[in-house]
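Shared chain: chain A. Partners: chain B in the first complex, chain C in the second.
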Partner chain A sequence: MRHSCSIAVGPARFRIGSDWRAPIDQLRQLYADYPMEQSVPDFTVRLQATSVLRRVIRPQVAIAGDFTLPDAAPLPLEQGLLAAEMAMNLQMALGWRRHLLLHASAVSRNGRAVIMTGVSGAGKSTLSALLGERGWRFLGDEFVLIDPDTGNIAPFPRPISLKNESIASMEREVDDDTRFGPVMHDTPKGTIRHLRPRAEWVEQMARETRPALLLFPRFGYARAVRRVDEAESFVRLTQASTNYVALGERGFDALTGLVRSVRACAIDYADGEEGAELVERLWSEQGTRLGDRAAAA
Partner chain B sequence: MTDGWSVARALTDPASVAGLDSTGWTQLLSAARALSLIGTLAEVLADAPLPPDAARVLADVRHSNVTGQRQALWEAESARMALADYPGRVVLLKGTAFAAAGYDAALGRSIGDLDILVARDGLDQVEALLLKAGWEWVKPDPYDDAYYRQWMHELPPLIHATRDRMIDVHHTILPLTAGPTPDAAALIADARALPSGLYVLSPADIICHAAAHLIADGDLSGGMRNLWDIDRLVRQFIVEESGFSDTLAERAKLHGLTDAVGRALRLSAQLFGTPIVFRQAQGGSGSVPAIDSLFLRRITAVDGWGRKTRKLTRQAFYIRSHLLRMPPAMLARHLWTKWRKGHRG
Partner chain C sequence: MPSAYAALPASALKRVTLGGLEAIYHLPSGITHLLAEPVPDLLDTLAAQAPGRYLTAGEVLGLIRERFDVAGDDPTEQPQNVLAERLAELAALGLVAVMHHA
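For the complex of A and B:
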């Protein structure tokens, strides 16, 4: 294709081709800290004009690549960066087989991770971004990759896609303006702005961590915490996984292993501050519990 | 330049990939994926020395192959259980049949929908049993539904409500509007039983069906994979089935598919070096009719980004696929109805 680049996020390597220059330039900027050397990629993504005319007149970006959805709607060229991100996510969701993939965000501290999963709008992305600015290592806001052999998490720290109100709250939280991407208005998901992860998270993205706490956050509700048992966690995570069925027995083993090894809670919170505070509190209780266990052993 | 021929070369001569650099590998894998042959390529190259990053990608593909075939066979078993009360034969077709019969063509083959063949007078019962067992209609559109039932060789597609997998129930192997009329009763009568109680077509009929599907139906979008199926099947059948060449000629004639089988075998010989088993009266000289090269141009139309290339050729074959299915007046009426529906909604 006319324009292209290569990007590695965690263990996955992408080749992105485009009929236009702009989306590739924006990607190079947003992914400046990531390895970009060319190699045989895991996935190829194509941002292509819906027709020859649409390359020039009111250009429309069709999302294509190794894996596609038949009814994916094209986006205007101004949202080309979003199209690229959506296409990369789609490749992972439909094509990745090396790990069990959970639609979730994760942060870690001292080599132990908190996984946060929920439907779109539950706040998992913003919560992981917020915790990332407050002493946690950010592991990813879209996918959590569980190694079926070891149960470890392979970080997938792609740029955080902030939506609507969370854009302003993260702009207050992060001093460095250069970490933000362009503002995209009127996308199918409202206003979107990307936040580049800190350079050290990207440098450390090959280092795996262990899951310790599993949370099902819900944003915009009165504060509440409820324990979730293994069976419920399992069922909810089968729904949150994009490749659980495709992995067959490996997926089942990885998922049962995960729900047995972590404590799980559903948390409701009214705003980001409260959410972050709840995670910290559950984490310190978790620490106590782990300490108790170590003492008993 | 990478195109379908690069994939054909890698499949037939695995040692030829030794000289590829990282760009060459990238383009080969994308082209193979676009042609639905990545699974096959991964198996063919299983013992070849590979650069680590290509090996990583192909190892994942081989994992998916195992799961894909297991799911396809489970789908066949589910249909068998659902149709236990149907007294007639249930014949598996295409990829699922190759996997169930353990044919070499199944190695790495991607399998999508479950295709089965039953006698036309058993359709109502089969349909009712499937609906009872959890399958439901995909297209609840009265025109499409009526069109399928009147003119097509299969029921409108059904999808299983919880497993999300499609089943195509055929009563013959070509649309009723197509030129040739294969002998569906003979297809079923000659089918071979599997230990499970399901059936697969006889070897010669499998080739006839693959050729009919490729040449006399559709726009050749899955053409390369179809020809690879034919290549693998022919290589296996000429060794395992005595008198295969003669049987194939007889069955092709019976089904009115002599030309289609002849062309399919010439194309697969061009692409994959398939041994010659079939001599048509007029094609005895071994010369390849010029029109074959148009077919090959269409079938190999893919680039190193996995994009479809040669738009005009593809469109010509798309139009051809409709003309094959319907006489012009009927085609006009069909497209008119479709167009009006499209613009009303």
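For the complex of A and C:
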């Protein structure tokens, strides 16, 4: 490929090649804090023209790589960065086998993590971004990687993909404009703008954390908290995992171990502020519970 | 003669209690099952037998009655028939071994 870069996020190494310079330049900027050494990648992604002419005339970016979806529609070159991000997600979702992968976000405090999972639009990205600016360590907004041997989370702190209304709310939250990527309008998911995690979260991305609380957030509903039992958590997480079936027995062990070891709640909230406040409240209750248990022991 | 059932070798199933349900991983197929009461008890009853011993639904019912009160919601339904249906379903899922008598 004419242009390329290598990026390491958590335990995964990507090599991204492109027919055009712009998406690679944008990636280098967005991933400025990440290791970029040229090593053997886990995955290769290619952003390529749909035809020779399409490289220059109304250029269209098609995604190719180790794993692809046959019907993926090409994106205009202005959304090349999004194409690269989507392609990296696809490689992880379809190809990663070292961890149990959950489509979820996560933040941690004092080495113990909150996992937040839900369908697209449930607010897990925005909540993790918000908490990452308010004293929590940001572990990832797209995938949570559970080590099947230890049950720990391997952080995967990619730049946060902010969508539509959450862009403005995070622009108000973050003073530093250089942490934002370009605004991409009219994408298949609406308007998208990436936010670079704080540099310290990237520096610490090799440090694993222990899951402590599992949340199923739903944005845009009247405030409500409901306890979720182990069996329901298990079913919901098998649906949220992209590689549960592929991992076989290791996946079963990892997932049953996870749902038996953490408290789980479904939370409904009307806006980001309320969501962040609910997470804080459940976290402090969790701390009290753990304290009680330690005292009883 | 009615069909008879036996537990699979212990190495074929991984069973984990999740609240009131049980998650079962069936190693030969790689399929996960989530089962409610009384299915785990049926599996336990079969697993408690000597290896290779097959029990009919009537025999399983006799053993279960020793530990639990058996009462159906529907008085016209024979517990033995209900149990036979559940065991046949478990056999169809591959979670118990079945022997059909000619």
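The rule is simple: the second predicted complex is superposed on the first by the 297 of 297 C-alpha atoms of A that agree within 3 Å, B and C clash if a C-alpha of one lies under 4 Å from a C-alpha of the other, contacts with A are read in each partner's own complex, and residues count from 1 in each chain.
Methods note: a residue touches a chain if its C-beta (ideal position, glycine included) is under 8 Å from a C-beta of that chain, and two chains touch if they have at least 3 such contacts.
A quick note: this is a predicted structure, and the numbers were derived from the prediction, not measured.
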Touching partner for A:Ser120 - first (chain B), second (chain C), both, neither: neither
Partner chain(s) touched by A:Thr256 [first = chain B, second = chain C, both, neither]: second
First (chain B), second (chain C), both or neither touched by A:Gly248: both
First, second, both or neither for A:Thr150, with chain B first and chain C second: neither
Chain B versus chain C as contact partner of A:Glu230, first or second or both or neither: second
Partner chain in contact with A:Gln48 - chain B first, chain C second, else both or neither: first
Chain B versus chain C, judged by how many residues of chain A each one touches: B
First, second, both or neither for A:Gln239, with chain B first and chain C second: neither
Chain B and chain C footprints on chain A, overlapping residues: 248
Chain C residues within the chain A interface of the complex: 14, 16, 18-21, 23, 25, 27, 30, 32, 34
Residue ranges of chain A in contact with chain C within the complex: 229-231, 234-235, 238, 245, 248-249, 252-253, 256, 259-260
Residues on chain A engaged by chain B in the complex (per definition of touch): 1, 13, 15, 17, 38-42, 44, 46, 48, 64-66, 96-98, 246-248
Interfacial residue positions of chain B with respect to chain A in the complex: 22-23, 25-26, 29-30, 33, 51, 53-54, 56-57, 60, 63-64, 66-67, 70, 305-307
